Amino acid sequence: MDALRGILTRIVTTAITLFGVAVIVFAVIRIAPGDPIAMMLPPGASDEDIARLRALYGLDKSIVEQFFIWLGNVLHGDFGTSISIRQNVLGIVLGRLPATLELSFLALIIASTIGVGLAYLATRYRETAAEGTVDVINGIALSVPDFLWGLALILTFGVAWPIFEISGRVSPTLDLPFTSNFYLLESLVRFRFDITLNLLSHMIMPAIALALPLAAVISQLLKSSLKETMNQDYVMLARTKGFPESRVIARDAMRNAILPTMTLTGVQLTFLIGGTVIIERLFSYEGLGNLAIDAVINRDLPLIQGIVLLFAVLFVAINLIVDLLYTLLNPRLRHG
Amino acid sequence: MMADAFLDIADLSIVLRSDRAHRLLRSVDLHVNPGEVRGLVGESGAGKSMIGKTIFDILPRAVEAVEGAVTLGGTDLLALSSNARRREIAAAAALIPQDPLTALNPVRRIEGQITDRLTAILGFSKKAARDRALTLLEEVHINDPERVLRSYPHQLSGGMRQRVLIAAAFAAEPKLIVADEPTTALDVTVQKQILRLIAEMQAHHGTALLFVTHDLGVVAKICQNVTVLFGGKVVEDTDVKGLFAHPAHPYTAALINATPRYDRPDQSLLPVPADVIEATRAEIAKADAEWLSQRGQTLKAAS
Amino acid sequence: MADIAQTAPQSGPAHRRRPLPLRLVLSGTWLLVVLICAVFAPFIAPHDPLAQDLLLERLPPFWMAGSEPGYYLGTDGLGRDVLSRIIYGARIALTVAFVAATAACVIGSALGLIAGYYRGFVDQIVSRIVDIWMSFPPVLFAILLVAVIGTGLHSVILAIIVIDWIRFCRVVRAETFVQVKLDYVDSARVAGFSRLTILIREVFPNTLPTIVALLSLEMGIAVIVEAILSFVNLSISTDDPTWGGMIAEGRTIIYFAWWVLVFPLIALFLTVLAFGQFGEGLKDRFDPVLQ
Amino acid sequence: MTTPLFSVEGVNVALPDPNHKSLLGTMPMVEILHDIDLEIEEGSVVGLVGESGSGKSTLGRTLVRLLEPAAGTIRFLDTDISHLDEQAMRPFRRDLQVIFQDPLSALNPRHTIASIIGRPLMLHGLAQNRRAARRLAQEALERVGLPTAFAARYPHELSGGQRQRVGIARAIATQPRFVLADEVVSGLDVSSQAQILTLLDQLKTDLKLTVVFISHDLSVVRRLCDRVVVLRRGEILENRPTAELFEAPAHAYTAELKAAIPLPEVDQGWLASQ
């Protein structure tokens, strides 16, 4: 009963959020100065051409009507046609999405590994120089955003010691035998590890740049959560049972500490994905974010709309999944 | 008598690592004989929990035992390596913690929390450990032990959880149980049931019990002997009858008079006289001065 | 009468002076340097930041072969002095930092306090708006806004305010939730203070350390957002010296003149780091209970 | 017959249930107090006793209108204060004071002791300016046995017992008619407990206070209170003069509560007794 009510309210708020997103996207685009039609037309188009196009895009109707026409189309998966690429927006956007998802996923794995590792070290060797070092690392990684890490990485491992690739998703000379745009995944499934390595060599720096701030967030949250947990009576009791400290942390403290960390990581993961916009630009990585900036620069309104909406849906979905996971992993909530 | 004490803490001093002249425990002697129930009494800051933490080798890193010996069943604990010490302690002693609401891990089922020490350290098979857990839960008067073993802590009431913790403490048949204010967080009616249960289990298993509390009423009901702490120093070590009949130290006497009792409203809850506090503090200061003058050089050399 | 209570636990004087933490000193010093550069740029900068000289293009920094005296950190692809451009760039960076962060802070914190304290309907509305805002990637949102309202300093500042007030709102709202549960709020109600008085006089001061730390951090973020917008050519005009613009140019000629990228990057890096550390340092400093 | 200071009739109080959190929206309400009738005579000290979950604190907080009753009336002298809003309550606030259980949480860490005690005095016109408020705050500190120099300090600079004294000083500074003492000694050591109780005893006589004293400990109540009200699961079981209640508890639960208290004297049979 309560669980059902919780899920219902969650669905309602999600719907409200998505509707709000749609309104904002629509509004921002419509207040754009300059006539969108004028941008679509070649110079010297006649007034009749303009009027025809206006009618075609529904721009001659009232703003509210326009919104609902637009919303109806969007809900049917019709995001319109890109002005600059002249293809179906949904097709373009979905084609680019895998690149961004793979990059984000790689970054998430790196961030979790570093974050959990650092938090564990700081807890295992608390009140020693190790904990202080972790604090300093966290402090630096937290205040410096991904954009700067990206630049610093390009300089060090791209220019000074050219170990990794600094631009693109995969070397253009490689022949890709793939049927989907999930290159990394497909190269693994098809045992084409040469391509995997090439992909990773392109992805590793942008992924680390994206991961560092999140790693610091995870490390800091988990560390303070662990600190609290380590002072709980059940951890003290576990110590009196004769278990070594490492097992006490792993078995008794970690599971409890990770739950609150996870809820906050959900929001942070959306920040990470948001970060791909500029990081993809920086590394000329052919993902959604890079496409988005091109779209803005080209004033390609349908494409911008499509990308922003896709990001919004993705973010809302992530938050929903994190909430569900939290409920599943927490016995207190699972058993009502 | 001291020779056959099961727990023998002798001349234990604990200092802050940051200020090694500052003692938190001041040359404490404490003995618990096999099968004895001893109360350890003091107000907050008296150092009672510090003693418990020393026994289980879980002192915070900010403090350090600088001298004295802790002997458990004839083994000198401070001479062992850290991991060996923990195993030794775990086999010989167990803790009943203060707050049943926080002493069980919320994300683990009860079964593992009773049996983990048996399977992981004492080499029980999973089946044997489970059988043992069932027996223990029956001993602490839990009606449907099977269900309780499968439960998570939040599915049990506070009194139930304290019973589970008591059962877990007796799991490995320890020779010594340290009960750290096990009833402070409970309502009085539940407190009485739990005290009765602890006494029953103690008698049944013949375990030595060190009962840490601030409540002289509880001491009177459950302990045979008692050690009173003030400011990290033992001010009284006597049997419980003697404690109430003729307390040797003025602070103990004042503490008894400060304890509320409904049958004598006008002769209880009397504030501890300032001169008693002053005198006791002076005593401690004097002992500290002597201690420092003897060990000042070594302390400096060490830090 | 007996009184143990009269002896305080710590015998030290009521207001102990703690030594300034190292990170507060270091970050504060750097921010001061940047501030001085920004204010006195015309007196400090050795050259006109806009002066192009194609004869002097891509000069390396002073210690390398081929450098020209007076051009300490070299010149860019149009022969403009890198050091002078960094010094002038501090002006735009700090202007954006102070104006945008302060405005976002005031709006966000006020809404956060109100939502966290009054709960109910107000909180529902604020929470929904926060949810909606959180569904946009902030950088894309900023780029989009600036593209829509036009480039220029005002647009950049406006975009940062519109996007980042949410940061303050979320944190302050959560902190207010925590504070409102404490008994001192009930104490104030018992004393008869109005809800508004309690919010302003009792709750708000307790959220200040959090707000101040966040404000400082936000200043660093604002500097970065400006740099990112410059990087994608959407901030100020391309001639004006901005760190982001320099980095964008440096990125394209990275293999020929690394210094065009490296020096503004260092300035940006240190400034952002300093803002973050300064805020954290202040927070600790402001906390009355922390020792 | 004089009018009682408080008369409570048929009061029900419901609070949101913290065990059933929904992700947003309203939490389901649980009834904490059912149909409470209670009269409190001016000048009396009434103990509210019960175990956790009995609703004793909820009743106390409802009396001083930190909570609003769902049904029933609360009269303070001749006024029905059950549903007065914040502004309408203000004139009564001076007379209805509270000493909270946890003084660290109840004293705002950002304000000095002088400000904590003094500002309510200015609000209620008892002091015209800061200076006068400060003087009165110092007087209140003296009354509770603290040095006047503490006025310049912050709460975290004091010990637990001292903070609780500041809590008392704040409560009496407005010269209230009524003080609610909510578990004021349960966080303290036995020796501080005795001091705080002695102080309260003395203040109630000196200032002719009416006190409601909430405690889970019958022994403590015995010392201080004229009457004792025993609560269980949101209902009043007994409400009788203290001596009478202790001599012959009318309700089995009261007898059980009393029998469960371990007196500081050796008694072999106590553990086994029911």
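Brief remarks on what is shown
We just call them A, B, C and D in the order they show up, numbering each chain from 1.
FYI, a contact is a pair of C-beta atoms (placed from the backbone, for glycine too) under 8 Å apart; a residue touches a chain by one contact, two chains touch by 3 or more.
Please read these numbers as outputs of a predicted model, since none were measured by experiment.
Chain centres here are means of the Cα atoms, and by that rule the chain farthest away from subunit D is A.
Two chain pairs, B-D and A-B, are compared here, and B-D has more C-beta pairs in contact (counted per touch definition above).
Between the Cα centres of subunit B and subunit D there is a gap of 33 Å. Per-chain CA centroids place subunit B at a distance of 52 Å from subunit C. In subunit C, the residues that touch at least two other chains are 1-4. Shown for subunit D are the residues in touch with two or more other chains, namely 24, 191, 195.
Counting partners per residue, subunit B has 271-272 as the residues that reach two or more other chains. Every residue of subunit B that touches subunit A in the complex is listed here, in rising order: 56, 58, 61-62, 83, 86-87, 89-91, 93-95, 97-99, 102-108, 113, 116-117, 120-121, 152, 154-155, 165.
Residues 24, 61, 64, 66, 86-87, 89-90, 93-94, 96-98, 100-102, 105-111, 119-120, 123-124, 145-147, 152-154, 156-159, 161-162, 165, 170, 174, 191-192, 195 of subunit D are the ones touching subunit C in the complex. Considering their complex, residues 23, 128-129, 131-132, 134-140, 143-145, 147-150, 217, 220-221, 224, 227-228, 231-234, 247, 251, 254-255, 258, 261-262, 265, 268-269, 272-273, 275-277, 280 of subunit C touch subunit A. Across the interface of their complex, subunit B is touched by residues 126-127, 232-234, 236-244, 247, 252, 255-256, 259, 329-332, 335 of subunit A. Residue ranges of subunit C in contact with subunit D, taken from their complex: 1-10, 14, 124, 127, 182-184, 186-195, 202, 205-206, 208, 288-289.
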